[in-house]
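Note that the chains are named A, B, C and D in the order they appear, and that numbering of residues resets to 1 at the start of each chain.
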Amino acid sequence: MWLRTSCDLAFDITVPTPFILMLRPRSGVQQWVAREEYRLVPSVAVFEFTDNYGNLCQRLIAPPGAFALHTAADVMTADYVDQAPGAPFVQIQDLPDAVLSYLLPSRYCESDRFNQMATSITAGQRLGYDQVASIEAWLRNTIRYEPGSSDIPVSAVEVNARQSGVCRDLSHLGIALCRSLSIPARLVVGYLYGLEPMDLHAWFEAYVAGRWYTFDATQAELRGGYVAIGYGRDAADVAVYNQFGPAVYTTAQEVRVQCIEEGAA
Amino acid sequence: MWLRTSCDLAFDITVPTPFILMLRPRSGVQQWVAREEYRLVPSVAVFEFTDNYGNLCQRLIAPPGAFALHTAADVMTADYVDQAPGAPFVQIQDLPDAVLSYLLPSRYCESDRFNQMATSITAGQRLGYDQVASIEAWLRNTIRYEPGSSDIPVSAVEVNARQSGVCRDLSHLGIALCRSLSIPARLVVGYLYGLEPMDLHAWFEAYVAGRWYTFDATQAELRGGYVAIGYGRDAADVAVYNQFGPAVYTTAQEVRVQCIEEGAA
Amino acid sequence: MWLRTSCDLAFDITVPTPFILMLRPRSGVQQWVAREEYRLVPSVAVFEFTDNYGNLCQRLIAPPGAFALHTAADVMTADYVDQAPGAPFVQIQDLPDAVLSYLLPSRYCESDRFNQMATSITAGQRLGYDQVASIEAWLRNTIRYEPGSSDIPVSAVEVNARQSGVCRDLSHLGIALCRSLSIPARLVVGYLYGLEPMDLHAWFEAYVAGRWYTFDATQAELRGGYVAIGYGRDAADVAVYNQFGPAVYTTAQEVRVQCIEEGAA
Amino acid sequence: MWLRTSCDLAFDITVPTPFILMLRPRSGVQQWVAREEYRLVPSVAVFEFTDNYGNLCQRLIAPPGAFALHTAADVMTADYVDQAPGAPFVQIQDLPDAVLSYLLPSRYCESDRFNQMATSITAGQRLGYDQVASIEAWLRNTIRYEPGSSDIPVSAVEVNARQSGVCRDLSHLGIALCRSLSIPARLVVGYLYGLEPMDLHAWFEAYVAGRWYTFDATQAELRGGYVAIGYGRDAADVAVYNQFGPAVYTTAQEVRVQCIEEGAA
């Protein structure tokens, strides 16, 4: 399906503030970006670079006053997310080098603390896809999903203690559980068509049978319509914006995702 | 200045043909891409990757029949190209690691064959920017610039024998001369506002005083309005399209560059 | 000075066990490896790769039974560690792209939780090197250093609660405090000549005035004799060995560092 | 088999001369470096970096006077080189991104000029390994192999005109022929056990059936005993030493390869 996504952010800046943004979806294996816009008001100098995970990041200094970002894209993405019950676990020795870092614990995914719990949740499952699917089902049934955003990111250990969280939190716990079973897992930030209420979204991917598969415990069932903006080990790596210096808050944020016909102007 | 660039390419394909394309300008130190389009007719699966030089490349298989690419971008670029008479040569030991490969000879820039000639052309110049500027002036005065495109790329040695060439050829000779003096140099392919006749363009950059500077022997004098699509050691690395299998020719190619007001729709 | 380092590790393996090792020091800006050995008993197939941080990592599967690693190196390293009181803080916008990831919170360095504490510790210091030096001094005076190794790595928040820790723990807390002030900081694992008791060691580096500087709160004062094996955001990235599957413990570990004359056989 | 390799180079330097060296074999898929030495006389500061092809390179400035390099390594390498008659050609669209650059023409391998000749040489062969094997056989039977080294590297076009060349030249022609058939090919520089007369050696690899295979037209038949030092598109990328400024020549060069028992001291 073809989706038109947009994200408008507005800030009230008091002192010149360095930002690192990650708001440009990239074409890749799973999506094609046919049109894209990225405007800043007022216009300032921006430097773009590619981070360790292949994300396009933008560096700039926001000047004092009102500062707004308008981003939009037309993206072709899959109607249905691939699912692969029974797809096998990949032995550590067979993982590509580039995937190994997704086995390590990270800021919000303390996978070194979850082995017993993950073993219990996935008891009786075939190693691989089915383990991850049972983790996703467990999250869906156990951790209360609270749409919206939390001010301070919390880690998988904290999410598990609270038994509730936003999309990012459920993903972090899912990732920590996967990694504790030696299944590489990563966080994805982006858009989801039909998300209620509409907002930026986060889900996770696990590496089984030689490729990454999508999982999302916030939805009743897996469907299509995902547009990825960034990938990383967890939310520390994939912030839509990182801001330095005195804290700055958004004065407005509007996210839209609509279905379009290909080539619509 | 804000420029709206577009490049439309049409092919007549007889057998399924793998392509590697390089048609997506990237935001970087010297330009900001505020809007971008990339459409294929018919629509086919495309995989995007970043090459060794940081260029975004697109892989696809063109199906038999008419096949067309439409790319366009709104880009903010400098009104005037930076010039720095007297800017010093960078000692080899002070070059960043990533710049070293631009000292080596490459397919179309046999820098290992030009040392004597380069020394003669730059006699009396201060080491660094002024050497490159004198190479650029020598090219402008010596090698006849023939707009348009040549079917078969030729190398710096061949260009020097012919004493004429297209934009790419003049750049290759300039690059070979710079490298033979241990000045890193690279080819840039992209757009130039006001180019006569309008077409895709190629120029070169040399690394002096800690950064890359633009040079272009095809123009009477350096001015602004450049939009880079790709960087590389020479045209072998920076092909707008590489096509594999039986040769395929463009049935149509149209390049446009116009000046716009920022934010025009 | 020239140092001869060695690390011998022995394991008792019950089932074939995948390992990822990081035991090969690399020559770099601060050290030169003139001789190096890396032997496995029994000999097994090893695949080496370079991780995101530039470390050389070795992948292998340890067979059941006794398994031993013998590594040794002759390394030239600085007699005195560079110190630079007054060296200035680097503005975010001036940091190299590759350094930015060392500003982010990571598994064992929850820098997002330490801003107030870091501000208090560094009150009155000039921004940059002096802030880091005051953090190092605070660690030295406040957190009890307990040589030896802990079984389970703990994070900066936990170290701060305990007020004691091994070398790695003090470094993690130092890193978290630096990053919370927007000073890039990273963990280094390696050898230190004269360490008492001798063991593998960990310290940290902070990026000020355009380069990395060494800090080590476990020593009464900074001196030379450091040999780095690996760099990373924290201990999750820089494990001397990562082992997958049922836990495996070392049956023997011996680390030696001696001063040699250059070229000694 | 276990091999002990060494390469000693001596230079007579008149002015401080920047060098980039590539003399450190790396452990990888096909070889394991158990011991390694790298000494400079006199000792100077060396900075090591990894180039675009994954080779470890050393940068230094040689001081005026006698300057010598001593490198040695104990390496485990295959007794027999893998051969795979009938192994299939990999379609362009199935090649890994990282392999694509080995399809492009390069300084000494003008693959854009050899398609007709390659098609003729490989007529009747199955696409893939057998094509490369027939190119290797054609080189062996057609181009006279002249051991030793040539002063000035020549390109595949020139080698083909001369009908003779050193190991590097035969490899360049083999690579150009492979690439002209859309088979990725690369140059390898290193050691070969039993080479007559003993010297540094060069051979080539072609990518078929999902991996790199070794080919060497200088030997009567493929056997084991290869130790790779560096990989690249051609000799421009894989120079054992690149030297800048006034030309410097070796006053002595000695290469040795002997068979050892594992673990010999």
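Descriptive notes on the structure:
Here is the rule we use: a contact is a pair of C-beta atoms (placed from the backbone, for glycine too) under 8 Å apart; a residue touches a chain by one contact, two chains touch by 3 or more.
Source: prediction; values computed, not measured.
Separation of subunit A from subunit D in touch steps, taking the shortest path, is 2.
Steps from subunit B to subunit C, taking the shortest chain of touch contacts, total 2.
Of all chains, the one whose CA centroid is most distant from that of subunit C is B. At the interface between subunit B and subunit D, over half of the residue numbers appear on both sides, which makes the contact a same-residue one.
In terms of C-beta pairs in contact, A-C outnumbers the other of A-C and A-B.
Our note on geometry: subunit A versus subunit B, Cα centroid distance of 36 Å, whole angstroms.
Chain centres here are Cα means. That of subunit A falls 30 Å from that of subunit C. For subunit A, no residue reaches two or more other chains under the stated contact definition. In this structure, the chains touch in the following pairs: A-B, A-C, B-D, C-D. Taken in their complex, subunit B has these residues touching subunit D: 18, 20, 49, 51-52, 57, 59, 61, 91-93, 97, 100-101, 103-107, 109-110, 112, 152-153, 182, 236-237, 242, 244-245. Of all residues in subunit A, those touching subunit B in their complex are 26-29, 32-39, 43, 45-48, 50, 54, 58, 76, 262-263.
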